[in-house]
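Look for subunit A in each of the two complexes below; its partner is subunit B in the first and subunit C in the second.
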Partner chain A sequence: MMRFMLLFSRQGKLRLQKWYTATAERDKKKMVRELMQVVLARKPKMCSFLEWRDLKIVYKRYASLYFCCAVEEQDNELITLEVIHRFVELLDKYFGSVCELDIIFNFEKAYFILDEFLMGGEIQDTSKKSVLKAIEQADLLQEVCDVHLGLL
Partner chain B sequence: MPAVSKGDGMRGLAVFISDIRNCKSKEAEIKRINKELANIRSKFKGDKALDGYSKKKYVCKLLFIFLLGHDIDFGHMEAVNLLSSNKYTEKQIGYLFISVLVNSNSELIRLINNGIKNDLSSRNPTFMCLALHCIANVGSREMAEAFAGEIPRILVAGDTMDSVKQSAALCLLRLYKTSPDLVLMGEWTSRVVHLLNDQHMGVVTAAISLITCLSQKNPDEFKTCVSLAVSRLSRIVSSASTDLQDYTYYFVPAPWLSCKLLRLLQCYPPPEDGAVKGRLVECLETILNKAQEPPKSKKVQHSNAKNAILFEAIALIIHYDSEPNLLVRACNQLGQFLQHRETNLRYLALESMCTLASSEFSHEAVKTHIETVINALKTERDVSVRQRAADLLYAMCDRSNAKQIVAEMLSYLETADYSIREEMVLKVAILAEKYAVDYSWYVDTILNLIRIAGDYVSEEVWYRVIQIVINRDDVQGYAAKTVFEALQAPACHENMVKVGGYILGEFGNLIAGDPRSSPLVQFNLLHSKFHLCSVPTRALLLSAYIKFINLFPETKSTIQEVLRSDSQIRNSDVELQQRAVEYLKLSSIASTDVLATVLEEMPPFPERESSILAKLKKKKGPGAVSSTEQEDGKREGGELNGGGERGADSTIAASNASTPSPSADLLGLRSSGPVSAAPPSAGSLLVDVFSEAGPAAPAAAVNDDGFLRDLEPPTESSDSLLAEGPGDSDSAPPSVVSEDPAPPMPQSDELLHKFVCKSNGVLFENQLLQIGVKSEYRQNLGRMYLFYGNKTSVQFVSFSTSVTYTGELQSQLNVQTKPVEPLVEGGAQVQQVINIECLTDFSDAPLLNIKFRYGGALQNLTLKLPVTVNKFFQPTEMVSHDFFQRWKQLSQPQQEAQKIFKASHGMDKEVLKGKLLGLGMALLENVDPNPENFVCAGVIQTKAQQVGCLLRLEPNAQAQSGEQMYRLTLRSSKDTVSKRLCDLLAEQF
Partner chain C sequence: MALKIVKGSIDRMFDKNLQDLVRGIRNHKEDEAKYISTCIDEIKQELKQDNIAVKANAVCKLTYLQMLGYDVSWAAFNIVEVMSSSKFTYKVSCSQLQLQSVDAVLITTIINSVSLPLVTQDLSSPNQYDTGVALTGLSCFVTPDLARDLASDIMTLMSHTKPYIRKKAVLIMYKVFLKYPESLRPAFPRLKEKLEDPDPGVQSAAVNVICELARRNPKNYLSLAPLFFKLMTSSTNNWVLIKIIKLFGALTPLEPRLGKKLIEPLTNLIHRALDLLYGMVSKKNLMEIVKKLMLHVDKAEGTTYRDELLTKIIDICSQSNYQYITNFEWYISILVELTRLEGTRHGHLIASQMLDVAIRVKAIRVFAVAQMATLLDNGHLLTGNMQRNGICEVLYAAAWICGEFSEHLEDPMQTLEAMLRPKVATLPGHIQAVYVQNAAKLFATVLRKQEGTTDSLAAQETSQLLIDRLPLFVQSANLEVQERASCILQLVKYIQKLQQKEVEVAEEVTALFAGELNPVAPKAQKKVPVPDGLDLDAWINEPPSESESEDEKPKAIFTKEEPKHTRPRHTEVDEKELARRREARKQEQANNPFYIKTSPSSQKVYQDQPGVEHIPVVQIDLSVPLKVPGMPMSDQYLKLEEERRQKERSERKKKEKKKKREKHGRGRRADSGPESEEDITPAHHVDIVTEEMPEVCWVLLQSGYFIPQVMSAQFLFQKSTKHKKKKQKKEKEEKEKKKKKKHHHHHHHHHHHLHSADESVQNGTVEEEEEPLPVRTWPSLLTHVYDVQGNLQDGSQVVVSVIFENKTDHFLKSMEFNVLDSLNSKLQRPEGSSPHDGLAVPFQLPPGVSNEARFVFSVQSIVMPQKLKGTLTFIVKTEDASTHEKLDFKLHFTCTSYLITTPCYSDAYAKLLESGELKSSSLKLEGVIMPFHHLLARICFHHHFSVVERIDSCASMYSRSIQGHHVCLLVKTVSTRPPYISSLLL
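Then we have the complex of A and B:
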């Protein structure tokens, strides 16, 4: 089970955080700070996995953003790496060649996409189509509502 | 940004985010945020009702501010209001806000739950999914209470949309993880398992996480999932890469689901059904084969997905640990990865091989990769990979390669990263000790360790080398010589000085013959380090000096002079000063003989578990210790927990079947008269003989024992007498067999303690006989059923039992036994009823003596009847206030008994509760302010009086010593009761 996922920039700015277990705000901040330090200090070419506290950290850098997941002892590192990649693909598909700014300005959308993909720290659906369909449906609903509003 | 420009963009939000991004300083950012917060607050408080869009926008801004790391203390109500909006995006933002910022405010939770309830029953799949997401995100107890019953229904209902099913499965999983007691699968189990067969791959993917978690907790109920999982896996593995359409990921069919299926199978042993197992082995072989095929894509995603499945398959193969062929193939595959250009694969291969190294089937195969692994340790650029290599070297180490591995680890230590040095040091120390064939190698290794990485050598390590040198006289001379040489180095680590001081102080004489290491040279060498050392080391050196005076009288004046110097005898440190003064005095007044006695060589240390190993276990958790060691531990644990209990269960089942239920009324007991006390126990000669070779030893051995046979002849006649007329025993008292009862067997106290917290079980068992107990108590009366089972195929003759209670016990208890049949057929069981009346509180237990003849040899054994004073407890419920009032009233010192002791059975809360309940007192919840503590109250019912008792048990999982400790306090109106209960209970935890 994934415990949390963090997206942060090379400058150490947190862009997205998703916690799958109840964690106190203070602990969250401490963990984020500590983990960013560890990951940002690593050189390219180094292995994407590391042990951190009692968790396994799996991270990958896409352009200026680090995607960093904490999974449990028995979880599969490689497949977690592909969870990250699939999430990036989903963002990319939705925003159309996604960049850090998209995630900053549409953070709520990024959360919705992540929620459709992962739930409670487990994969809900791996099909790109299914996930995006769910999101687009929501956008469609929005449009219908707007049109409706316009009529009024 | 095509999708985003669809029209729901909140302009105000975008402007605000830009503003924040344009802030040049932290202060400017805070200023801008405070301005916005003030604005939002005024909007929320304003008279004008906000429309849904504005509300959504402001809630979203608050969320953004929160995610920037600022505290948000308002807006929750507005977010909750959004839940009841009909507009999807408003609802969605409301849920998002709640998911991120949930507050334990119960008033709000009720409102949120209300919104969720409405959406769940809306039958609108998108709304239902939103509600389920919210439950899963928050996962609080209140939500579990409200929805844990509803969600399984949604999950298995035929008309639920697939997307809702997926959300329901994972939502349920989250609730199960937070509140397992509230999620009752019961009737849904089989339908949930069958989700593995669902047409929709997304549903299977979501459901399997739930099923895996449930299987881990209730393997038996979910075991049908094994065959379903195997067939699903088999279909995926054999499918062409395009069959699964959108579930194919970079030409790999359903990698996530495959990994999950393989993970689920790791909750179970290999399938018993041959066909299922065959199919699974085929799958595993196919996966291994595919690894050898050329890649279908050059993309890293393709190889990652493929290898993710491969590693999961290998994990399953290792888990089964029963297919030598697959294990060796797995090992070869990992061997290839060890040299792969992808760092990730090298890392994982090293990690996975660590577990393979502990399998007897693949240990040798792993060892063939030693050169590659050593090379990895030397050349990998990433410390986390080097760490894995070191772990693997440790795991693959055995007698054949220990010297090579230890040497490599030592040389690596010289340049190792600081983060892993301490662990490396422990590992080297353990391997050196474990595989030391000759101890000079061991001493060399540890001294090298101190030389290379002295700062990381913990006390355990240098204590251990001293323990071993002291215990092995063949290495003492070598150790003295080596340490003497090591101390020659101009700068040597303080730990080296400690070892040197200790060893030369003990064994310096062994090298004193060589003029290069004459006593004075040794002393001067040690003393040259003295001033650079810390106080504890100096103290140790002072002791070494006084030992020198004994070993080498010629050094006496030099050393006395040192001790007499102001820097010693007036040292500001009390310990050093005291040592200097005392040693000086000792050396001047004691005769050589006295000195020799006082300063004699240290006696050998008792053998015990290596303290280093214990430290490594503590440091790294169980994973760090090689799995053979772990297995041993497990096996022990298994026996401790398993064996006895199972035996007990089966006896009880048997006795239930063969005897009427003993729950008949107990009121008739009072009328029964007391049984006469049995004669006092045997003379001392007999006692000795019996306790040596008697009942404690296996019965077969007793038969051959010459001592016993010598003792037997005079009893032969009485034996035949009884054999002739078994009916006689009705009239004869049970003590008709003329031998005196044996003294209680050595383990009788332990057996008694087993029954303090339980009333049924096996009291005793050897090769011949099993004695089961079932008992019940009411007020001050008890009835006990003893079941004697003949485990052999030969009959027991002259079978008789007696209960004796002497001394004080006679006035404290009243025990009445019914005689048993003198003949117990092979394989049969006889039952005996014992009635017990408690007159007043008591501490000893009555003795139960059993005698019979088996194949002519007399068997005579005495146990303690498992009746203890706590059996007459009546539980008393009371609230916190009453409890502490009562507690204070019982504050006289003699009313309290207290013990502090080490936990000997772990500290599982449920187990503790079970034991305390078994004790017979009421376990009081919410009484002690510290929720970790347990308090109990009860009244002991005796004929003479009632004795009120209070108990408090305080677990301390992390006492200073690192041990788990308990403090147990008993208070009662009678000192003997407090003391007895305290003694009894201290053995239970």
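Then we have the complex of A and C:
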């Protein structure tokens, strides 16, 4: 099971975080800081997997953004790497050649995409098509809501 | 004042939405904290308002701030409040926030008390996306209380009509199980059901959940193994496959039988992975990858898998003309290391690589020769495996390389001595032949060295050595060896005579082998410019008139007058034309019954080796690790290569720096990026002909190569017995006809008391031999062999089912079945019985009754048809007396009895045909009148073939022997003539 997923920039700014287990706020902050340091210090040619505390960290850098997942010991690193990539593919499909700014300004969308793809630390749907369809539907729904809001 | 407040609130209301906040934070990089604290103040104001939209906006902003690491727990209550709104967008952000704030006990209780009704309300919402959001939110903050209260609701959702909800419900169920384990038992059947959900999303979610559960407690999930196995073999979703394989990893220790079942699908996966490797290699990672593969080779348990790895290694290394090899010394060492593999069947492949590299990479020859000399020196270690295409094949390459490039040898005398050891005579003939020839080359080199030092005595001794040792080869059963040996022996004798007269002969002897073999690209001829004044298109003679018949074409004149043009393929003929001709030629050959070679490998059948198997072989225990002194470990090259690259890199860096200095830092970024492929320069200057495999090499490879002796293509040789069936016999060899006519023959021979089986000949027959005594009173006991079947589990066993039918009017009992064992085939008898004991047939036969008995035979070699003589003794009981009787019979094990129907895909089949490792022969059958499809069906049924592809009246068929030989069969009908069967066997 995936414990958490972080997206942060090369400058060490957290762009997105998703925790699948209950963790105290203080611990979260500490873990994020520590992990960012570890990952950012790594050279481009180094392995994408590392052991950290009792977890396995799988990260991959896309442009200026690091996607970093923590999985449990028995989990498969390669499939986690695939999960990251699939998530990036989904973002890319949704935003159309996604960039860091897209995620900064539409972070709730990014969250939503992630929620449709992963749930409780497990892959919810491996099909890109069905995830995107769900997001599309949700967008439609929100537009209707926004119209209501506008009337208020 | 009031207006001001209103205005202010409106301002605030539309003042900052989330986008503004984000933009604002980005614009206040210097005083971010300060800016945010004002924002938080604003948010606090917003939260105090009644307008839910404003509150929602505030919560959205909070979500963002919280992500940035600011504490927002003070707003928990407001957040839950907003969550109760039915507006979709708020909930999205809320569920985000919920999970982030779940830590605080206070908040948890709030959530528990407040969100439960909200969530339950949402769970039953008519809108699937509302429900979806509720589930997503819930997934992040399931508490034991929530789990207990919601378990049944979620369970109901698992059967929701919308797959979208179903999959979410399935996943959240896992969280519920964790927090409230009691829910697992009632929910499990439904969860199991979801494994076979029509929606792939739901299915993969269920697989995920069960895999996770099973990992915690595998024992309880063993019963699901068959279901998972089915999923594994049917699913194409890699994500799911990975999970399932992981799960099996947890299950197999508990259920050993699973391991066996998993072998096949998993090997398929491994093969796919190996294929991936092929495309993955680059100059940089080749050594690393091969090193890993070598480790696997060492660890591999099955010979087949090991061989597979071996071919992959060679494939990977040799692909696109050794494009990725930067250090050939390393490659040679890898090849040498591979020779230490026990029981490999790819000696030939390794040998051809050695030859190829040594011939084409000039710089490597010194090294290669040294390595090969060591191999020859330790040749006895490799001869343990004398099976066809065994590892001893590399000695062929070793001998040739040492001979051809003997000038690089450090101690040619020692190598010469090694090549003339008596042990060599146990090697396969074609290798001996190469040994003899190259011993002569070495002799020349040795002479040169020795005469150079004016030590004429030593030179004479060398000659004497050859004269002493060569007679061994002159006696060889192999023609090639014999011929070469006697020729060279005479030559050496003559040389010795000259030496005794103190004549210097070295120069002249060397001249025998002068000239170097150069690799030539197959298309090289095309590059030779046509000399001036030569018009290749012009007719040398006027073309013969149309009316002239084919055979009168002036072939002789053509060759005589223009010998240069004897190889017409070098003239300017375009590819298409060539292809067409090739096709036509093939067609012609195929139609020619006397032409038995149809596969590409046929040219390689140069020396036929009738007796390889019969050469007495001393088995040498190879279990002792072969740490041969002087043999390098390929690993060291990895290190060396690293160092070399490092050095190169630093040198390059230096240069780069210099350049930089010169160009004021305008050089390219020196070492920041990863090294690119082109940057790696090969360690050896390599003479690689960039087109295809050089022709010369081909010729070399073809000329001496040994094509394994394989099963002959004869299907069934049913030798008839003492009856005068001679006439039939011929026909019988033509299997189809035999089948057809069988009935008739038997009718004709009814006057014999005993006759051979009718329809069942296909797989071997038991024929009753007529007794020498002319008149027998115990006539028609008809014995059939219905089947000789290979045992899949054991490549060395066949089961013979015999049906006994009593055609007498008397009771038969105490039947005993006995077969005279041959070296190759033995009847399996119960332990403790002598090899001459018969086996009791476990039944008696009343008149007119038939019954079947099975006998197991162990067979060593399956590449030859077998005939076993046997006797059946029985007691015949008549009213007044009983007599002891005996019947002689013969058992025929034909080659096809060892085949096992195995399906084969056409692409794999094509590969097999192209591999060039098949030996071919063909057979023409006449008088077959049955329809083609009928014929195919018969071959399939009786000979265990499967049809790979059928086009009109041609069909390709495939089968495998119990020992894993591939058998390819091509059947075609030649116009009105009978089917023409050619079979390729590996």
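Just so it is clear, the second predicted complex is superposed on the first by the 142 of 152 C-alpha atoms of A that agree within 3 Å, B and C clash if a C-alpha of one lies under 4 Å from a C-alpha of the other, contacts with A are read in each partner's own complex, and residues count from 1 in each chain.
Please note the rule applied: a residue touches a chain if its C-beta (ideal position, glycine included) is under 8 Å from a C-beta of that chain, and two chains touch if they have at least 3 such contacts.
Fair warning: this is a prediction, and the values are worked out from it, not measured in the lab.
Of the two partner chains placed by superposition, only subunit B is touched by A:G96; subunit C is not.
Of the two partner chains, subunit B is the only one touched by A:E77; subunit C is not. In the superposed model, A:H85 makes contact with subunit B only, not with subunit C. Of the two partner chains, subunit C is the only one touched by A:A24; subunit B is not. When both complexes are overlaid on chain A, the residue A:A63 reaches neither subunit B nor subunit C. Within the superposed three-chain model, A:C47 lies in touch with subunit B and out of touch with subunit C [touch as defined at top]. Shared contact residues of subunit A with subunit B and subunit C: 1, 14, 17, 22, 29, 45, 74, 76, 78-79, 82, 104-105, 107-108, 111-112, 115, 119-120, 122-127, 130, 134, 137-138, 141-142, 145-146. Against subunit A, in their complex, subunit C makes its touches with residues 18-19, 22, 26, 51, 53, 60, 63-64, 67-69, 71, 73, 87-89, 92-93, 95-96, 99-104, 127, 129, 132, 135-136, 139-141, 164, 167-168, 171-172, 174-175, 200-201, 204-205, 208-209, 212, 215, 237, 239-240, 242-243, 246, 673-674. Contact residues of subunit A toward subunit B in the complex are 1, 14, 17, 22, 29, 43, 45-51, 54, 74, 76-79, 81-83, 85-86, 94-96, 102, 104-109, 111-112, 115, 119-130, 134, 136-139, 141-143, 145-146.
Subunit A contributes residues 1, 14, 16-20, 22-25, 28-29, 32, 44-45, 74, 76, 78-79, 82, 104-105, 107-108, 111-112, 115-116, 119-120, 122-127, 130, 134, 137-138, 141-142, 145-146, 148-149, 152 to its touches with subunit C in the complex.
Only residues 1-4, 6-8, 14, 17, 21, 60, 63-64, 67, 69, 86-89, 92-93, 96, 126, 129, 132-133, 136-137, 139-140, 163, 166-167, 170-171, 173-174, 177-178, 201-202, 205-206, 209, 246-247, 249, 254-257, 259-260, 263, 301, 304-305, 307-308, 311-312, 343-344, 346-348, 381-382, 384-385, 387, 621 of subunit B touch subunit A when the two sit together in their complex.
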